[in-house]
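Once you scroll down, you'll see the structures, which are given as structure tokens.
There are two complexes below, and they share chain A, which is joined by chain B in the first and by chain C in the second.
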Partner chain A sequence: MSAAATAVELTAPVPRHRRFAGAAASYAGFLPAIVLFGGFFLVPLAIIVCYSFWEVVNYDVVHHWTLGNYDYFFSVSTYVTTMWATLWVAVVATAITIALAFPFAYWLSRYVPQRLRPLLLVLVVVPFWTSYLLRVYSWLTILGEKGLLNRFLQWTGITDHPIGLFLYDRPAVILVLIYLYFPFAALTLYASIERFDWDQLRAAMDLGAPPLTALRKVLIPQIRPGIVTAVIFVFIPVLGEYLTPQIIGGLNGIMIGNLVVNFFQAAEYTRGAAVSLLIAAFIILLLFIFRRSLSAPEAYGG
Partner chain B sequence: MAAEHAVISTRGRIARGSLGVYGALIYLFLFAPIVLLVLFSFNANRYGTFPITGWTLEWYRAAISDYQIHDALSTTLRIAFEVTIISTVVGTAAAFPLVRSRLPFRNGIRIVVVLPIMIPGLLIGVSLLVLFTQTLHQELSTQTAVIGQAVYTTPFVILLVAARLQGFDRRLESAASDLGANTFNRLRLVVVPLLLPAIIAGALFAFTLSLDEFIITYFLIGGHNTLPIYIYTQVKFGITPEVNALAAMLLGASLAILALAFALPQVIRAVRRGLRHARGRETTLAEGVA
Partner chain C sequence: MAVMTEAPEAVASDSMLSGVELRGVMKRYGRHLALAELDLTIRDGEFFCLLGPSGCGKTTTLNLIGGFVAPTEGTISLHGRRIDTLPPHKRPVNTVFQSYALFPHMSVLENVGFGLRMDRVAKAEMRRRAQEALALVGLEAYGDRSPAQLSGGQQQRVAVARALVKRPAVLLLDEPLGALDLKLRQRLQLELAQIHREVGTTFVYVTHDQEEAMAMADRIAVLNDGRIEQLGTPHEIYRRPATRFVADFIGHANFLDVTVEDDVAVLADGTRVPCAGGRSAGPATLMLRPEALRLTDPASPPPGSVRGRAVQSAFLGAHVRVNVACAASETPLVVALQGQDVTAIPEPDSEVAVAWDAADGLLLEPARDGQVGP
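Here is the complex of A and B:
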């Protein structure tokens, strides 16, 4: 709209009120978004920050500033253990996801013929766009007591009774998290490997570099932004996971997100707010570590 | 590519072969759980898992005639329609100033706008729960769930429309103005038709995301049930064949929507081309400009 305004300006002077109206009109589209993101995203987050520093007296939230909610969280050893376990699960799940996705993306962009690639890419996306809850749920048919894995082990004679080991513990949670976030990591890595000029790798090998050294010194540095994006987009949602530990993890697989839900369901808003803020703090820390490799305008294509 | 194939070494062939096997295993990993789920929905065994004792449509019949599922389905669809309308309108309108005008703090705003996608939905859910129940003293309802979901789905619409707008040739609009089009006609005849594929893709995205959304809805919906929440309450006690059947139907529905999202822009383009062609034959060219 403002370009139209400048185009007119070239031919004849525009009355000031019309120019102002043009500018206002170009911002007007943003008003509903300000209401939505301001009123229902930023303001609630600000309230949560306040809540985490307020205290509850006689079931009422009192606007009295205190660190009590954080003190309480760190004084209960189960909570602290759960927090570290969550970080550990997030690190392990992210690392394995990226480690699995890298050779896959490499294969897709280097060895798969051009005409097959769109189909194979869509097949990676398809599970990603089916229901998240159902993808978690579907693992019960594999890991459960009467699941595929136990049936298989009984059939081969390795064991004669079902093993409950596969379900309701952290390894199962990590496995399902890898399954959930693999498509994202694979697509992100594919997008950055696809732009790589394979002649550089060949040149490095012609100059005597062993293949793995060539990969490490030539390919990896060039796709670092893609790797960082993949790490961030796997790590962040894993930190806030609730469903997977709840359905797959049972009591042993509980994560910090489950603590948040438990606090809020028990109407302990201030304590729940403090735990939520801990999750947010870890996210901010992660973004801070990787800040150099991140650029928001890229998402808008400009 | 062809030259590379000619000079490939034994080691290269081994790498290619083993990576090919690896790729196949990955697809097995991605699809096995989903395929098993669908398989079990036809299994006569009433525990919803192995062994497969026979094939039946019984569970589909049970799921389709379950009144709780009817209730949850109608709530889910109503919420999804409202969320789609809100996020399509708000997102499309917001994409223009984000891409085009010199909004103050534009980069900051761009980050805030994608933040709801990046932070865990759990945080959106609990913060809105506190806003609605503690600060505004509102009763939780499907309306509060709609607002919560819209916060999460609108950024996707913004990103899709903004990406399309970024590659938009501004001269087309100047040309329309030069030819006498006012703002409304410029939008109607030039801008919206060119952005339509992105807007439709955004709407379908929002719709699918809303159908599947669990955690935000879980906190904000109060006493009502959406399908994901209904499934969750059932799954807490283990798998049942009815839920398997319901899950299979939902998977089918999301795949259909996904296919639609890919196909629809092309269909629209084809239809419009056909229309223009037909109209061109019966009227003069001048009509198209005015």
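Here is the complex of A and C:
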């Protein structure tokens, strides 16, 4: 069809204004997205970028260009440490989440009968029916000093006094983050594994590949776009998390998102804007690393 | 087509031993018995067919040899060495899957070379042997393509090349031509038989298509309900089917309910009809192939012929099929008249008599309850 259209254009040139009208019509569908994306994302982002290069004097934002906000952030060692710790938490939480979600998606699409799958997928999504805050708080009743975990340990006699270590530190934050983001990873991975032809794995083993090698050489390369999507779906929101670290992590579990909140609450808008952009920079870096796996042809098996 | 230069080493060194041996192999899925006490010896280098309707256990047997299914009981050995305890990737056996199962993210050459890569064969050697295997199936020019760019028949050939490149002691083929149209299927049957002669590897071929089995196999095992009904050459199985099931499954067969008295078959109405004998007195089934039947003049029928009415005649090119309704059989007898008889096609509804030679009337076990003709 496109070849025919090209042929017509070549033989009979269309007047310029009509060609423009035609092109505009074919992009009309983008209009709502452009308005939404431009008005509620690009413009606010531009404001934040400007803020991050301005300064606050007497609780007022002054349009005075400076790199001071970034300078300040990197001069305070606690902030820098928090930044690296946040990256570390995000990497570990993402890795463990994917490591748990992969076997789940694999098992679901290979061994669970077709008719039972919708039920299991609904069970994965059920936690979303309650509020985020409630789900985070409920972990306090599990990990706290009088929580389920401590009571169980005392009941079994492993310990005779409550262990406070479970809460208010990074491991607890990572645990809760895994719990929160598992469904995203599981659903994304399931969607990409579901179409896989399992005979290929059998063929690989038949040709001499041990089971794990067969997975690595045959299944993983074909679902790479799904894995990358799952990584992005978990890593990006985790990087900006501030409620979970605050509720579960306490002072020791603080993450970079908490710094943003603190700056804004202290009316230090320009410093808060600078830290937000640092988070954005890490996300852009991540997308850049994965740019090839996210290109459309590969994602659709072309 | 190029000839593979080296013979499979395992075959060459152990040619005195039998190929694949299944002893007392039983497979149960929960309460369902997929295979019951299977004893089977597949000779080295033969083209062996497992033939039967779906659910008869033929694919289970193949999966047992390939290692994708573990037997509930029994042992499987290859050249005298037990293999049923080995995982699939350690068995010197390769498989051509029904869906081909080519790896879409690799080129044709990488697909064919995959098995060698797993064996850590050096790159140059791997390329050479993969190219050689592609030449064997006539696709040497297609190595750089992706499997998605090939037709169904070409993909099937790549699957064969990929499975043969490691020179397995046994090649398993699971209905490899099932997805192709008739013309292509017939051409590939010839090619597979040719490849089998060139490489000399044992082929174990699963199919539900009796013509396919007859066209290629040295020996056929007809399976039904997890049991071997008969094992033999295509000729034996067609000419001397051991059971009613085999007679019915291979080609077309007419069945008449008879009683055997003094080595003679007697119909319900008392007519004594010719048969090959060899069965003790009592109820039996007389099996007659359509091409063994003749139509004779009803005015002076030879002794032992069956009178009936021609209900339908169809000219099928190579032969004429006439359906004859008669009292001795619930379903019309099917008579296949060869070329020279074509002028004698009976008019519809005309009276005819059907005759046959005693040697062509095979006596089989009587119909079981609920088993009514074909």
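The definition used in the following text is that the second predicted complex is superposed on the first by the 251 of 302 C-alpha atoms of A that agree within 3 Å, B and C clash if a C-alpha of one lies under 4 Å from a C-alpha of the other, contacts with A are read in each partner's own complex, and residues count from 1 in each chain.
The rule we apply is simple: a contact is a pair of C-beta atoms (placed from the backbone, for glycine too) under 8 Å apart; a residue touches a chain by one contact, two chains touch by 3 or more.
In this text the structure is predicted, and so the values were computed from the model without any measurement.
Considering which of chain B and chain C touches more of chain A, the answer is B. Once the two complexes are laid over each other on the shared chain, residue contacts for A:Pro118 go to neither chain B nor chain C. In the overlay built on the shared chain, the residue A:Asp197 is in contact with chain C alone; chain B does not reach it. By the touch criterion stated above, A:Gly240 is placed in contact with chain B alone, chain C being left untouched.
Shared interface residues of chain A, touching chain B in one complex and chain C in the other, are 211, 301.
Interface residues of chain A, counted against chain B in their complex, comprise 1-4, 7-8, 23, 25-33, 36-37, 40-45, 47-48, 51, 61, 100, 103-104, 106-108, 111-114, 120, 123-124, 126-127, 129-135, 137-142, 144, 146-148, 151, 179, 182-183, 186, 198, 211, 232-233, 236-237, 239-243, 247, 257, 260-261, 264, 269, 272-273, 276, 279-280, 283, 296-297, 299-302. Put simply, chain B touches chain A in their complex at residues 1, 4, 11, 15-16, 19-20, 22-23, 26-27, 29-34, 36-37, 40, 47-51, 86, 89-91, 93-101, 103, 107, 110-116, 118-124, 126-131, 134-135, 147-148, 150-151, 154, 158-159, 162-163, 166-167, 170, 173-174, 177-178, 183, 186, 208, 211-212, 214-215, 219, 228, 231-232, 235-236, 238-239, 243-244, 247, 250-251, 254-255, 258. By the touch criterion stated above, chain C contacts chain A in their complex at residues 66-68, 87-89, 93-95, 97-99, 101-105, 114-115, 118-119, 162-163, 166. Contact residues on chain A toward chain C in their complex (touch as defined above): 197, 199-200, 202-211, 213-214, 217-218, 221-222, 301.
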